[in-house]
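Shown next, in structure tokens, is the structure this report addresses.
The first chain written gets the first letter, and so on, giving A, B, C and D; residue counts start at 1 in each chain.
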Amino acid sequence: DSGDKKGLTVGFSQIGSESGWRAAETKLARQGAEAKGITLKFSDAQQRQENQIKAVRSFIAQGVDAILLAPVVSSGWDEVLGEAKAANIPVILLDRQIDTPNVDLYLTAVTSDTIEEGRVAGRWLAGKVQGRDCRIVEIQGTVGASLVANRKKGFEEAIATAPNLHLVRTQSGEFTRAKGKEVMEGFLKAEAPGSICAVYSHNDDMMIGAIQAIKEAGLKPGTDILTVSIDGVPDIFKAMADGDANATVELAPDMAPRAYDILLAYRKDHAPPPKWVQTPSKLYEPDTAAAEYARRKDLY
Amino acid sequence: MNALIRTLAPRLKAARPQLALLILALLVNVIVAPGFLDLRMQDGRLFGGLIDILNRGAPVMLLAVGMAPVIATRGIDLSVGVIMAISGAVAAAAVNAGLAWPLALLAALATGLVCGLWNGLLVAVFRLQPIVATLILMVAGRGIAQLVTEGRILTFTEPHLIAVAGSTVAALPLPVVLALAASGLTGLLVRAAALGLFVEAVGTNPRSSRLAGVHTGLVLGTVYVWSGLMAAMAGLIAAADIRGADANNAGLWLELDAILAVVIGGTSLYGGRFSIGRSVLGALVLQAMRTAILRAGLPPELNLVLMALVVAAVLTQQSPAFRPLAARLAARLKNKEARA
Amino acid sequence: MMGRLLNTRTLPLLATVVVFVLIYAVCAAQYPAMLGLRVLGNLLTDNAFLGILAVGMTVVVVAGGIDLSVGAVMGLTTVALARLIEGAGLPPLAAFALVLAGGALFGAGIGAAIHVLKAPAFIVTLTAMFLARGCALLISTDSIPIHTAGYDALAGAGLALPGGGRLTLVAGIMLLTFIGGGILLHGTRFGARVFALGGNAHFAQLMGINTRSTTILVHAFCSLMAALAGIVFSLYTRSGYALTGTGVELDAIAAVVIGGTLLTGGVGGVAGSFIGVLIQGLILTWITFDGTLSSWWTKIAIGALLFVFIAVQRLILLASTRYGRSGAGPGAPTTPHPAASTPVARSSAPGAAAPSAP
Amino acid sequence: MPQTETPVVLAARGLTRQYPGVRALDGVDLTLRAGEIHALLGENGAGKSTLINLLTGAQRRDGGTIIVDGMEIDPDGPGGAVRAGIAAVYQEITLLPNLSVAQNLYLGREPTRWGLVHRAAMNRDAGALLRRFGLAIDASRPLSDFSTAVQQLIAIARAVDLSAKVLILDEPTASLDTAEVQALFTLLRTLRDQGLAIVFVTHFLDQVYALTDRITVLRNGRLVGERRTADLPRLELVSMMLGKAPTAESHLARRPATSAGTGAPLVRAEGLGRRRLVGAFDADLHAGAVLGAAGLLGSGRTETALLLFGVETADQGQLMVDGKPVTLRSPRDAIRLGFGFCPEDRKLDGIVAGLSIRENIVLALQAKRGWWRRLSSAQQHELADRYIKLLDIRTPDAEKPIQLLSGGNQQKALLARWLATDPRLLILDEPTRGIDVGAHAEIVRLLEDLRDRGMALYVISSEIEEVAAYSDRVLVMRDRAPVGLLEGDSITPAAIVNAIAAEHHTGGAA
């Protein structure tokens, strides 16, 4: 194959555009490609695995130089990745891992550790409330989405070590602001007034909805009820800066640029990269929120 | 006053099945969350479970108000969910671009109008089957909304726009007032003017209606435009509620809720008779059940199954086959009792 | 000859084929790679499950109904299969038989509910969709890979085509399903009953058709096809996942409608649906080949292309029905004209037809 | 005619059917003997169709027994009835327009080969079957390609082919012309002679006497009596049906308007026509006069009405209203000019089933007034009640859904719809089809009354005597083109028949 960087064509099969976070990931993928002189073939799968498989097949048919895949589910990729391999096209997984006995099918995976994200959130909460008794409600993502089980599992692991933390209610907010708000309203009604001490949300959008619900119920989010969520979208930093939220665990959206670097390095020296390039799951608190907001608001 | 009673009484009587369902759904809520029926006044606004249901149900109420006449013409509007998303996005983008809030509101409503006009054109002039005609906008419309927001949630701080969902009129949240006012206005338009008769005539026999001089194209166009307008209003409420336009998720699958509400309201999907009031009741029934499911504290994996069972029960209760069956069952029970 | 070829039934189909060929030609001119057998093979394989769903949907729609539950039933099937094979250790073929039977039963239940409750299919199948999806999530919220050796062999089976393409087993199943569906719908007594039911359920009943059993069988068949699509999908991905096929029912309906089957029932066929499926696959392939469209422009493009297809089809139909008054287009509401204008040979001579004053 | 009593094939006893607000059938008996043609007679709404529906199981009965060949049967639907040897042609054509003619004929019992439907055989058999009815049509064509008359014949053919013991025909001749009726009668007589029991419903008394052996009369859902046709004089039959002695005067005495057709016409069609629809025709419609249209089925009479009412747009000729040229692009244009139109297909183009009688009556007037000037409920009720009374529409109240009325009463409600708009020109396509003797006379009187009050009428009818009786001019159509215009004293049934039949080569080689 040609080793020149110029004229490199990369196909990117994105899950869809269901959230601001994902829009940011796509945006960074495009910007990064432009910066590195890569021609990016982008395909939006609209949340469907079959569309992703179709896209990967089309990429192969077009003879791209590499494929980025943000898989919507963890299993079911062996066949199509096998085809890519047979065609000698390296595949880099973004954002989510896949479940396969044959890790040779892809070059590497650039993802965060989603269980760890839950753990970070749980550990922060345990530290925050110290020994105080705390009844927690959880707003989880879409039932069946691949992150949900892990973010739940990690969080539960972390709070299991602290006997004073109790997860009392969990309901799905389907990753959306509106549903997050509705679910939180329900929690506030269903639990005895003042008895909820913290909310854990699987993403920031739902948390922003929940914060509004808490406010509308006449309580002070961040004070009366602690909040911790995952993603690190600009609006949650704004909320933290305003004192309405307590913590967020960042899921860095710059997965594609990292993948480009790996890819270019690989094409240069043909040394296989590590199978998992883990992105950090950093926790942010209000102290840095204003600065972080300023840094991010144009990124999204 | 007497006249009011005379017009309302038969309607209430016709709405007995829906009222029964609503009461049942509210009862479930009471069981799930004691204190559900409590109402309290705070800062000049009523709070309580009933208000929540009205407030949360407002968007679907509006959609159902627009959907009922559409279904009565033997049509269907699958695009209302995305019209919500587009209009919300337009409003948010407009205020964020510095447009005055009244203009932003008008722009959002105009968006709904244009979308409805497009649907109406395809159905009435181009003569496409309504499902297909509105499917086109359903597919493309979400993209249009995302084009406006670039896939982000467009958060806004314009107080007047937020007030669409956040303010209070006569102790009720504004969305509730808006939804009720829209149903009242639509009801008036439909029954006090002749539109209702034309809609029902076109829905049952378009050929006869045309021969009788009814402007069928205009009637069809109007109902889709109205549906678009109602959806735009619902979209404004949804955006104002979360202070942001979420083009990706606003109104997602709500068209199905609206259709369900209209059907629970007793309108046949084969066109003909329809009732705005009962469709609104249908929307409330749905919201009450959804609220109960959300608050029951059961694992979320069960949500869909519960929803399915609830709708199945509603369908059974409404089915014409159910009444004699229930009567027979009751009779048999009575017999058994008598024998025992 | 031309007249026979261009009658009201074949015309929508012909228009669909013409549109398909036109668009394919445009695509191929832009991206020559799309011309190869590889892309064609992919088109069949990648849309195999959709094609199978479309066969079932065609039958339901011709019978005057609709089925919104097919995507969910397909998803449920994939999870059930994964559980049965990976969890319970059932041999794949036994698991297939089990889910097919389950699918048919589920559909029979839908049909029975529609008949007994006199409820519209739209709502009953919407409820069934909630139920199937809910059950799938109860079985497992995770996606479950299937690694049984036999499964891989089945999934990998296929014929190599020249040019790097493959005619896979799943594509073969789809083609067979279309042939089988065509025979069922157009060649059997059952098919005639389906058309009768869709034409006018009440009249069909007056003509002695058992509408209850027909409704039940039609929906059983559709869900059976959904289960088969689930099997194909699980072979295609070698895994089971509860959210598989979300929204696919609308694609299937669109394929059926593009293929010239009327949603009002009584008119249509599976051949058109086949083209409808290919057209949808083509749209997506073109969009990926293009590769410059953002997420939102992708959606807009899909909607716009759908519109263009339907518009072109209607224009073709309108242009050709100018030479004969009858014929409803695809997507057009049926307003049958009772007195069409075809002259008819009468055996009684005009002289003999003169009435004698009574 | 059989002299000795043949064995009873079917005995129905005490059949009862209650609809909300109407007891449509109240303990009615019916006895059918092998090899007889049995007329079932009664006014509109007497319960004839209901009785038939109960016999075939198309509707559940509330009481009574049906015994076929000594065995009690309980048909759970038309399928069950067919298995018991009973087949029926219903009043409205209940065939499936989306299927081919052959498929309609053999639905549910298609010939098969290797388990698949043997289309070629089916089409062949269908062709052979239809030839017995004088139809030489391609049975593989969709049913919707054919006219009502042909469809009616196909429905009859299907029932004849299905019936083993009992054949029921509910107003089979309503849309057939004389030749077709004769052909049908010949066939029915053959079937009778083969031992079939045939039930025949009609409103044409001539046909009753020409064909039937025995008569059962219903009135208001009750049995009035059963007689042998030969023993029952016409006048007595009519009084059995009406429940009172009929007025002596025949409604078919010629009574044209006294001063009709003079002066400028209200509406004048000059060479109006449309390609592939109907050839150019001239017509003058005067206030206070009736223009009749006569012709065989399919001669293009309906099409002239479609052009005059703007349902189809003319592509040649000129329409003048009040001496001014106008172009009609839709029915609304015509209505604005004060036209009204009662179409021939009641079910498809006329009634809005599901809406009440009241709503059906006010529909055209309301459409004329527009969206905003709504008729108040009080006005609507007043209008509906007035016309229900004026036209003697048999219904408990105006709120009943119109599709539950008997056919004749639906026709009257449609007439009411147009009368309510107070039209200047009323176009009536087959206004007396399916209407009973009593109502027939009423409608004819009503038309004369409307004419005398200065309305212009254009009446299309297949009943030549009727056309001859009240028309001031008669337009004769053949092969979609006008072939003659009769005026004044030259209008006699014989003259019309001659005009239809004469010089058929000039009628246009369409």
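We adopt the following convention: contacts are C-beta pairs under 8 Å (C-beta built on N, C-alpha and C of every residue); 3 or more make two chains touch, one makes a residue touch a chain.
Predicted model, so just to flag it, every value in this text is computed and none were measured.
For chain pairs A-B and B-C, the one joined by more C-beta pairs in contact is B-C.
A straight line joining the Cα centres of chain B and chain C is 30 Å long.
Mean C-alpha positions place chain A and chain D at a centre distance of 71 Å.
With centres taken as mean Cα positions, chain D sits 44 Å from chain B. Residues of chain A found to touch two or more other chains are 17, 23, 26, 143. Touching of two or more other chains is recorded for residues 146, 150-151, 207, 301, 303-304 of chain B.
Across the assembly, chain D contributes 348 as residues in contact with two or more other chains. Listed by label, the pairs of touching chains are A-B, A-C, B-C, B-D, C-D. Put simply, chain B touches chain A in their complex at residues 32-33, 36, 42, 49, 52, 56, 146, 150-153, 155, 166, 238, 241-244, 246, 248-250, 252, 291, 294-295, 297, 299-301, 303-304. By the touch criterion given at the top, residues 31, 33-34, 36, 38-39, 42, 46, 49-50, 137, 141-145, 147, 152, 155-156, 233, 236-239, 241-244, 246-248, 281, 284-285, 287-289, 291-296, 298-299 of chain C touch chain A in their complex. Only residues 8-9, 183, 187-189, 191-193, 195-196, 198-200, 202-210, 266-267, 325-326, 336-348, 350-358 of chain C touch chain D when the two sit together in their complex. Note for the complex: chain A touches chain C at residues 11, 14, 16-17, 23, 26, 40-44, 46-51, 53-55, 57-59, 61-63, 73-79, 99-101, 143-146, 148-149. Here chain B touches chain C in the complex through residues 74, 76, 126-129, 131-133, 135-147, 150-151, 206-207, 256, 259-260, 263, 268-270, 301-309, 311-312, 315-316, 318-322, going by the rule given at the top.
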